[in-house]
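Please find the structures below.
Heads up, the next two complexes both have subunit A, just with different partners, subunit B and then subunit C.
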Partner chain A sequence: MELDKKETQSQQNMEHNSTGLRILWTELVRDKLALVSLIMLIVIVVFVYGISFVMDQDEIVKVDLFSIHEPPSKEFILGTDYGGRDVFGQLIIGTRNSLSIGFIVTFLSGVIGVIFGLVAGYFGGHIDNILMRVLDFFQVLPFIMLVIVFVSIVPNYTIVAFSLIFTAFSWMGIARLIRSKALQEKELDYVQASKTLGTSHFKIIFREVMPNISSLIIVTMTLNLASNIGLESGLSFLGFGFPESTPSLGTLLSYATNPQTLENRWWIWVPAAVMILVLMLAVRNVGEALRRATDARQRKG
Partner chain B sequence: MSILEVTNLKIHFPIKTGLFNRTVNHIKAVDGVSFQIEQGKTYGLVGESGSGKSTIGRGVIGLEKITSGKVIFNGVDITSKNSNRKEIRKNLQMIFQDPYSSLNPRKRILDIIAEPLRNFEKLTKKEEIKRVEELLELVGLSKENMMKYPHQFSGGQRQRIGVARAIALKPKLIIADEPVSALDVSVQAQVLNFLQDIQKELGLTYLFISHDLGIVKHFCDEISIMYKGRYVEQGTIEEIFNNPQHIYTKRLISAIPDMNPSNRDKQFRLRKKVQQEFDQRYHDYFDSEGLAYGLKSVSETHLVALQEDVEKVW
Partner chain C sequence: MWKFIVRRLVITFPQLILLSVLIFLLAQAMPGDALTGLVDPNIDPETIEEQREKLGLNKPWYEKYIDWVGGVVQGDFGQSFRYKMPVTDLIEERIVNTFWLSVTALIFTYIIAVPLGMISGRYNDTILDSSIAGYTYIGFATPLFIFALVLLWIFGFHFQWFPTGGSVAPGLEPGTLEYVMSRIQHLILPALSIAIIQTVSTVQYLRSEIVDTKQKDFVITARAKGASESRVYNRHILRNSLLPIAAFFGYEITMLITGTIFVEQIFSFPGMGQLFIESVLQRDFSVVNAVVLLFGAAAILGALLSDIILSMVDPRIRIK
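Right after this comes the complex of A and B.
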């Protein structure tokens, strides 16, 4: 009975899942770890954006010399740092900033990378050659050093500016991947058929080829998101991120370089460390599950 | 009047190697081929894998760059840059070999068949659906199939969807690149008969590319045999099958299996004889590079690639 049910269900799936997105979804639901990760991720995102909405950033970053290094209490849920600033507030705002930067960078670098890769792969030949040399140029630049230089040059330092700088140096990976896939895809007969039917190159690239590699695009962008969320924290930790007036997970972590804080004042740096770990692991789990789903041999069922 | 006239067509692919991607040599996929197709006829191109028969088709329709030569379609030279590409595209369509990869898996049948209509004809949604319905009916599929996706059809059905797409614009010439070789034999006949039916109905001309001599004999009016990018023999079906002149053609035809077991000895002797001739007189048929010679005419329609003086020896 149950088997029958399952079979008809899978048949129904067969009829509808031609989009491939459905496969991704069913695979995600089947993988319990990924599902839990996804739920946790959604909860964190909603929670962080929700709370930060009612929080006053200026109030949080205001230095209060009478409440330096206070342990967690009713007034300060996660205590205060060396400036008497509320760690919980910094954690929420910092996570929001990291998430925003992660989303913006992933989206922008995804758009640039996909278009670049599709055009290079689809046309091939000289166009491919030229575009790939441009890409190579971007790839040989020392990423961290350039970002640090840009960061010190740009006077007005906001989330958007930060994201744009990062985007400029992080679209190459996805462009390469999409190009290699587009090179394969354009040799297939349905692309050739579209050419003989008089469809324009623009339409073929974005209406024919792109939908067929959409699952690859989704998977790559999810995996990129995991690393992009950590970007800002890493730079702030090194001291090249946001100034202390803008709360950041990296800034909170960097307080742990003070041995006193590391040993006696765990409430300052542990929450930030756990948050980074949880966020990156969760996104990565989801991404890995999606990646597995695109490879029929690695699917769970 | 001939609808397609190909004169001395050459399609060469460069071989690039080394540090600077220098062109060191060329692969001569098609090396000086000429033929013409009459309106309403079916012209067969036969040859082994890699003989360049598909490349000719792809060159004519513009998927492959033509190195040199002239292709005159419907009185217009389509190799010249200032020819009206759009008008040519409309009248020249192609049926692809593999029905599994030639339909975009992400598109509904409606979108697949309507693609050429959307490119060339400004139709309203209603008119478009009506046209697609007609086309589906013409290829023997019901209109309920319109909203389905390609993976829900069998190979034969898919190929017929490919045909519906190719005839949507009522083209004058259809290039059929091994249209049935990916299908199993029972479905092959079905698709071929169907192609012949719509040929009569719409007055189509086919350039039929195949490696299956049985199908070609059943389907074509005129055929040519290709070997390594060159023509070996060209003529009507009767001339090629009853009076093959070139050793390559003879070998091909003697290799067709005979259904009648009582002919077994006869068939065996014929093959033996052909093999003997091939062994002894190889250099009369192929030059030092193993390529065929230029074409000489045997009769008005029958051309064979032979050396000048061979005819005297015979």
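Right after this comes the complex of A and C.
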């Protein structure tokens, strides 16, 4: 009996002392919607990446003139497009490509944004002022237009080039957020103490301040992932994302700009639209739950 | 007040200059120059070289930049390589369409946002509020182009309530009532699809603004005075919550630009966004540069306008 009591007490202590990552996890488990979303995301990711190992991308994008615009049947689960290509296969490959580019861009823009924001916020004063004016400039530019112009003038255009261009115009949001947090953080005692001890700026920024705002970074990057998937599919929709040999979810939707396809051949574009919606909602649910976890007042448990 | 405006202007001019330099450098990186497509390929290289010298194409880049800016300030964006006409004339035709599309979209945005925000702020945490929250939740995650496609599918093709493309029915006389009605009918669906998606953040902002204002002292005073509930909400709270929203419309320009690019493409609406995509695809780069410059400048000036209005509305912003 007494042992039990002790155990619960130590458990309570554990929970009390739990680290930032642990709080994120408990909040995620408590929020049923977010948990379901997370499980669904994991299933989609495993399924999509798993199947695309077995499937051959070249096989799927190969044109087959004998089976153009076939409605869903046993042979083609989701029918075929104007080149006789299997829509289901394209959906799987497209989801994989959209997710991959989402992860890459979110990671790269996260790295740039976090470093930029930390440096601006930590040093403050003139450095902050100059860096923020640079950021203001980037943020006011019409993102879609500049990406399209860059994509169209880059010689030998590849996926790497696309993700770099995409990153170059999408690091501003996270940078602004991290900067405002770093401005608060640098006033705290531990930073002052480290400074007095003579710790180098580099070490304070990346070894002390950054771990302290890691939960904010995770949350922001999760929410960014959703918007990056949306933006990428938008660009592919306009024809400025991946080349057609590497289909993305936006590529499938762009077939719907043909009125015939939009009106009569729903199987080509509706699944891709639903997939984008599901992905964005699921990622957002997870992100929102994490965001609540970082704010003690809004936590559920 | 004036100090803030001057300080804000001091930031704006370098932004405009930086934008023009960026676009100029992009133009330099693009293939072809002012002579491409105008010269007969059979003319010998020496004559071409002479022409290039005469047109100033061999000058160093900073002199070329100054020439180019001089032209732009006078409204000269050069020749369209594809249409063989001045870019200015080409844009003039299209900019009117995009202007009306944006204005209609903005009007719809506020028509939707203000009542919804008011309802969900006034009756917060009721069923009404949660259903509006459901709308903002879905709207936030839906990319505009998917939503526009679905609207076009349902109302354009299935029910055929609205036309599916163009900006006006062919064969109508400009100036007649029918012509105007046809234009409006072509505007509604594209503008509505921009508005329904774009309004989501405004609804959320207005809701939290009203929920905040509800607990302020002056509201309690108004109630104590005996003002009716509708008077408290419509006169006292709404006025205080609406000003920041009204000021945001300058920032919305950037969102409108993105919106028009997608929507004009989907509804084949002949505006600037469609011109931009067409010109990029046809490598008509003098037009591309002009459109990017105009839209970029519009976004910068919009942000300036919003900041100035906001500083008038909210004095705290001025102290910084």
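Here is the rule we go by: the second predicted complex is superposed on the first by the 283 of 301 C-alpha atoms of A that agree within 3 Å, B and C clash if a C-alpha of one lies under 4 Å from a C-alpha of the other, contacts with A are read in each partner's own complex, and residues count from 1 in each chain.
Everything below uses one rule, namely that contacts are C-beta pairs under 8 Å (C-beta built on N, C-alpha and C of every residue); 3 or more make two chains touch, one makes a residue touch a chain.
Computed from a predicted model, the values in this text were never measured in an experiment.
Undergrad: If you stack the two complexes on chain A, which partner ends up touching A:P211: first (subunit B), second (subunit C), both, or neither?
TA: It touches subunit B, and subunit C stays clear.
Undergrad: Under the stated touch criterion, name the partner, subunit B or subunit C, that contacts more residues in subunit A.
TA: Of subunit B and subunit C, the partner in contact with more residues of subunit A is C.
Undergrad: Who does A:N258 touch here: subunit B (first), subunit C (second), both, or neither?
TA: Neither: A:N258 stays clear of subunit B and subunit C.
Undergrad: With the two complexes superposed on chain A, say which partner A:K195 touches: subunit B (first), subunit C (second), both, or neither.
TA: first
Undergrad: Between subunit B (first) and subunit C (second), which, if any, makes contact with A:L238: first, second, both or neither?
TA: second
Undergrad: Given the complex with subunit A, which residues does subunit C contribute to the contact?
TA: Interface residues on the subunit C side: 11, 14-15, 18-19, 26, 29-31, 138, 140-146, 149-150, 152-153, 157-158, 164, 254, 257-258, 261-262, 265-266, 276-277, 280-281, 283, 288, 291-292, 295-296, 299-300, 303.
Undergrad: Give the list of subunit A residues in touch with subunit B in this complex.
TA: So the residues of subunit A in touch with subunit B come to 15, 18-20, 188-190, 192-199, 208, 211-212.
Undergrad: Considering only the defined contacts, which subunit B positions touch subunit A in the complex?
TA: Against subunit A, subunit B makes touches at 61-63, 86, 89-90, 92-94, 96-98, 101-107, 115-116, 119-120, 149, 151-152, 162, 165.
Undergrad: Which bits of subunit A are touching subunit C when the two form their complex?
TA: Of all residues in subunit A, those touching subunit C are 133, 136-137, 140-146, 148-150, 152-153, 226, 230, 233-234, 237-240, 253, 256-257, 259, 262-263, 269, 273, 276-277, 280-281, 284.
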